[in-house]
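Take a look at the structures listed below.
Consider the two complexes below, in which chain A is the common component and chain B and chain C are the respective partners.
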Partner chain A sequence: MSGTDATDTFRQEAQELLEQLEHTLLDLEHEPGNSALIDTAFRALHTIKGSGSMFGFDAVAGFTHHVETAFDLVRKGIVAPSRALIAVALAAKDRMRLLIEHPETTDTLPGDAILRDLRAIVDAGAMPAATDESFAAAPAAAASAIPEPAAGATWRIAFQLALDAMAMGTNPLLLLDELRALGTATVVARTDAVPPLNMLAPSECHLAWDVVLTTTHPRAAIEDVFMFVIDDMTLAIELAAPAPEPPACHEPSGKETEVAPGAAPAVPPHTAAPAARHNGEPVAAEHKPAQPEQRNAKAVDSIRVPAERLDELMERVGELVIVQSRLTQIAAASHDAEVKSIAEEIERLALALRDTTMNVRTVPIVQLFGRFRRLIHDLANELGKQIELITVGEDTELDKTVIERLNDPLIHLIRNSIDHGLETPRDREAAGKPARGRITLSARHAGAEVLVTITDDGRGLDRNRIQARAEEQGLLAPGVKLSDGELFQVLFQPGFSTAREVTSLSGRGVGMDVVKRTIEGLRGKIDISSVPGTGTTMALRLPLTLAIIDGLLVRIGTGRYVLPLSAVQECVELSPDEDARPHGRNFLNIRGDLVPFLRLRELFDTATPPDRYQKVVIVVSGEFRVGLVVDQVIGNHQTVIKSLSKLHAGVRSFSGATILGDGAVALILEIGHLVALGAAQESRLKATV
Partner chain B sequence: MTKWSGGRSLAVLTLGMQSEIFALEAGYVREILDLVPVTGVPNSDPYVDGLINVRGKVVPLADLRLIFGMPRTEPTIDTRIVVVEVPIDGDPTIVGIRADKVYEITELDAGSLEETPRIGMRWRPEYISCIGKRGADFVVVIDIERILAGGAAGDEAALASPLRLGAA
Partner chain C sequence: MPKTILSVDDSASIRQMVKQTLAGAGYTVLQANDGAEGLAAARATAVDLIVTDLNMPVMNGLGLIRELRKLAAYKGVPIIFLTTESDATIKQEAKAAGATGWITKPFQQDQLVAVVRKVLGA
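Up next, the complex of A and B:
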């Protein structure tokens, strides 16, 4: 199992840290003065360096060390977080990722180039005294650059670590050593919280410490000692002896400020430690309220679970739902009231369990949106456009699989919007718009679907050009009048392009047809709307989950099939007239609209005689409707989707299979494919008329 | 006839299709079931035109008789489904195999195993690993991986995640 592989754990953790670093850097670009962001970046770098060297990623650690040093200077206010610095830091972050993912990389040139740039920026940005110093010596210069209490100050430090601190890898002795290294320290341990020996769990940290430290270092240096445990501990630092200058004023206004001496004068630190702890009872529970409020509760209360275990769980729940529906069926036929009530109870539990499990699999879409900030940042630079990214509804939750598979199509759509949609700043100003273009990513729930939209405020789509181009390429019959929505679907045809010039972005990777196929593969839909001069919106509608759908159960011959209910518009009876019409003229008149229909009996080579009254289920995919002729419409059916094996990969009419209440397998019809067959039939007919 | 190049004895499950005795390497076999209701898959390869429910999993059902050019026959009281787990394109996949009769798990010792003769065979030699003897009868050890790989068409991959196989 991969979870036990420490290297994998490091990779996974580093991946998250790098992502966090990237976001922080991008935020910092907008708010260079935000010291909390600088601290976050520094901490991320420090952790990557530390755990990198712990797990043998020495190249990573070595490289990161230099970046960390630079950010230390930023943190101390010696170097400003300029755009240039952030650009280099982003490049450095990419380099770290490469080194982590491919530790065998031996080519150090790109890394050296990044470090050279970094040093140039740092040297230029640093205070004059530091300019000539070597890189490594810079921090020392920095420290002396800040005015300090001349003779040093005496601090009273009281701290208590979280109960599980040692289990988490913190060694209190090292913390104390670090404090001692800062100056003259007297350490007193407070043992009043230690439980009696028979209650004592040796891995728990019940001790608290009072330290009196005389040092020339600033307060920030003391806080740095606790940098990596600060979130889970209580810490009070106060001046014991007056200093020439209140040290609080040159301390970064980070999250630690609530322990500033002015703010919390002489709060006895042990008030934080719960009084009644001798019997060593549920310590964790009573410990909680004592924690500083700003502690990131989310990080503590969540656990990391491999996605495949969630898949397995979902599968088990799916099986449970199937078995439960069998039980319900049997109970319905039974006369035993007790059996009936148990079956009902189990049904309620199984459905609740299903909902909970589906919930567990969902993640907020911010995970996805967050990745695009960098993309947009880079594209803006590359294309010389100014772009503002606005995200709406980042908390909207979606199945993790859906999120993963949305990545590539969204990248493509965003690229399109930036490359083709947004104008250059000059064109925008000429059109009376702000020079800075705007891309809005939004997500929200709409019924059983999630609506994801990408909106730009660019030039909009040129209807006439698209129509002309589509006619030229034979994708549309000349002179056909289409609604915007219908016409813009042409953009998803393979090979369709109106690009005037080929840029480095277009023609790369997936095309719009692949985007559409991916979205439809997720049982979603994509629509485009556009207003010339004002902008374009791409709207993606996606199901909440991939695993379970509401289905309509139908019978064709002896076989039962499931249609996704979301695609079903209505069911009608096939009139004898329409039934008797010669083949090739399979059209229904649905309130004035001609809708082509497919006889599934023929498509599936059904041998049994047809039912007397054939039914038509009208399904819709995109803009197109088609009727599917079946023998019988059985009813609604909650469907747990099982994928087909590779042995049936060539069968396009079915998107999967499910297990019915009686244990039999039923196939799920692939609406997109069937509608395409219907559309082909229609165009054949039009061609012959 | 030449000795089989595998050079080891094989634990196999012997099964009957028509009047012939075939063998599957026992390592592939997960379980043997009585015949269950089969759902037809229209427009699929004729030899895998069914799906069955194996304890909550949807599993394709292969009829190897068609691979070996035999006619389909009505199921009898002896008809069984041999559930195997076989890698297809690198993914372990569970497949049911229809057998007219299942005999036994047995050991075919190395000395009795021979290479598939290139000529004089009724069946496509590439689908056969080797030929062994069981008493006076010949036993045809089939290369199930190759047969199923040949049937896996393209990578027009199915929609949801590939068939999952947690140990049941």
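Up next, the complex of A and C:
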């Protein structure tokens, strides 16, 4: 692994740890007594510090050290995880992120301010003796995660030096002597790695040693013995038997393993303080003995793969599916039974491969929802609102790309909900609602789509005000009657804003149009529904994946087109009666419902004469259905989506293109746009009736 | 017989301090001005330990360590480098060249003695 790779790995690891830290802190705010949460926060800090110093992020390591120290005191029950402490810790977390993302940052003032606040809180919540000592320690004297037993302990030390250690001037005998000097030691040499004599280079160090050491010295003293060689050796220091603890501790012998090549953990500088307090101080009762810690208790059975590699895989699978459909087509025309059976087999495998690959790319949406907890927490504080966040369907999986691109739009929508939707606690109580507002984020699968909704129980949208404002701004013709769904779409028009005052959060009239564009860029749709006084729901429908869809292949004139199968409801024949109806009255009667239809031949200016029996494909988008009249319904088609060139960015009726088995190109119809055309036709008709 | 330590540093004040400290601890101390002088001194007299600066004119500490490790007599002889650099990459480079340990300047006198005792065992 090259240096930069390792740094990248650290950055990535640190990002995840910081996210975990944030969640843990937010959870801790609600459950201050949860010691598992405190431990998790502490461990995240400890790891960030440890690997930070290892990868040269000294500023991060130094800064994190202080936060870690504070949480060590929390862990020991000396400092309470108060709201104030959590707020500072969150600020500290942001600072760490900045230091990791921009290691060149030299302005230490903000960090110092955070540490000052932290120290003030810790001092207020703890015995001065304990904190003074802990904070006076230099960051370089890195603290260990493991509190040392006060009365000495037995350690199991296993080490093996680098092969060239002796050539570099290190004398293993001296190291063993130093270990012996720390206490009572039993040393056993392991000779299993020593090669046969004829292959043995005398200057190489093939021996390994197991030492059982009983000492009153802390773990750091043991590590100090190896200070010059610790980076290049294997060293495991395990607590074999803790010192006799007060009888309250019934745990079996705690087992702690830390393999620390270069992480340089050392003694926590505050060890002395809590230990000293064991003697009769009332606080001593709160000091818990070290919990046995099982590192990596729930090891995740997974590997990390760069996202580009997955994209590449998806691309290949896409090409395979295209070639496979060609093969299927050729096999269908062939009379060779063997070719047919191979083509079938390959089709089955290609589709299974496609599904697996798409599955690999999906991640649970909890990753995304988790990020918003902080946002909501901060906004609630800033706006003086009380907000409860409820998440539903966090396990719902979505394509990673979709999840990433959803981040900004969702932030915007949530901000809007909190800023405009939710009322202040006083207004809410006046309206007979609980003071605490509620934001619900939910995700669920709906066919080939994922439905993500953001619901607030706020004041709801003011229909009249929106309509008036839209007319004022010339976005709507005066007096037009629109359904809620239609009217609320005006919110997504560029420049639309009803906000009288611009707050720091929203109401600047930018953003909602960007939100809509982003969602549409993901081949998704967004709808708003609202009940005055009860709340607003914003519903995002998103395709499961961006790469391959099940499509319905149709023919119009000589051209072939693909409809996303997920949008297709049914196919019917266009009866001669309905066909003969005058234009402007294009409606089908589908089991008693009137469904508008569009003649795609007309829309696409098709010159060839129509087929005798026209077919109608009924597609649905949101709350609307529309029939699309085509010449022929060819059948299902595995559609590998290729986006249109920038030149065609303005094309609205097509969302992309695909390559058919015979090498021809078929355009993919943009159902949302076609349905909107149909809906417009319907409202025109209603207006004339 | 007291062990012999070679101190290599271009700063006379540091050399003096190293000499005082180590002589005070009972060692015989030789001195050299830069890496090239140090190499010559080490060739002339078999020393038990070398304490060298990193940044020096003529031949720097890294060069000295590399040259010393080429000599059969100095394979396995501890070499400590004394440096103001706490940068991990420099440390790594020095270790790759064959350094046994390091002391970061500014250092305490007893710290120097402790490190010397650690690698010499006496």
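Throughout what follows, the second predicted complex is superposed on the first by the 383 of 689 C-alpha atoms of A that agree within 3 Å, B and C clash if a C-alpha of one lies under 4 Å from a C-alpha of the other, contacts with A are read in each partner's own complex, and residues count from 1 in each chain.
Everything that follows uses one rule, which is that a contact is a pair of C-beta atoms (placed from the backbone, for glycine too) under 8 Å apart; a residue touches a chain by one contact, two chains touch by 3 or more.
On a predicted model such as this, the values are computed, not experimentally measured, just so you know.
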Which of chain B and chain C A:S203 touches, first, second, both or neither: second
Touched partner set for A:M168, first chain B, second chain C, both or neither: second
Dominant contact partner of chain A by residue count, chain C or chain B: B
First (chain B), second (chain C), both or neither touched by A:T184: neither
First, second, both or neither for A:E315, with chain B first and chain C second: first
Partner chain(s) touched by A:N359 [first = chain B, second = chain C, both, neither]: neither
Touched partner set for A:D605, first chain B, second chain C, both or neither: first
Complex contacts: residues of chain C adjacent to chain A: 69, 75-79, 88-89, 92, 95, 98-102, 118-121
Residues of chain A defined as touching chain B within the complex: 311-312, 315, 318-319, 322-323, 401, 521, 523, 546-547, 559-560, 603-606, 641-659, 663-667, 670
Complex interface listing, chain B residues touching chain A: 37, 39-45, 48, 51-53, 55-60, 62, 88-89, 91, 93-95, 148, 151-164, 166
Footprint of chain C on chain A - complex, ascending: 56, 166-171, 173-174, 177-178, 203, 227-228, 231-232
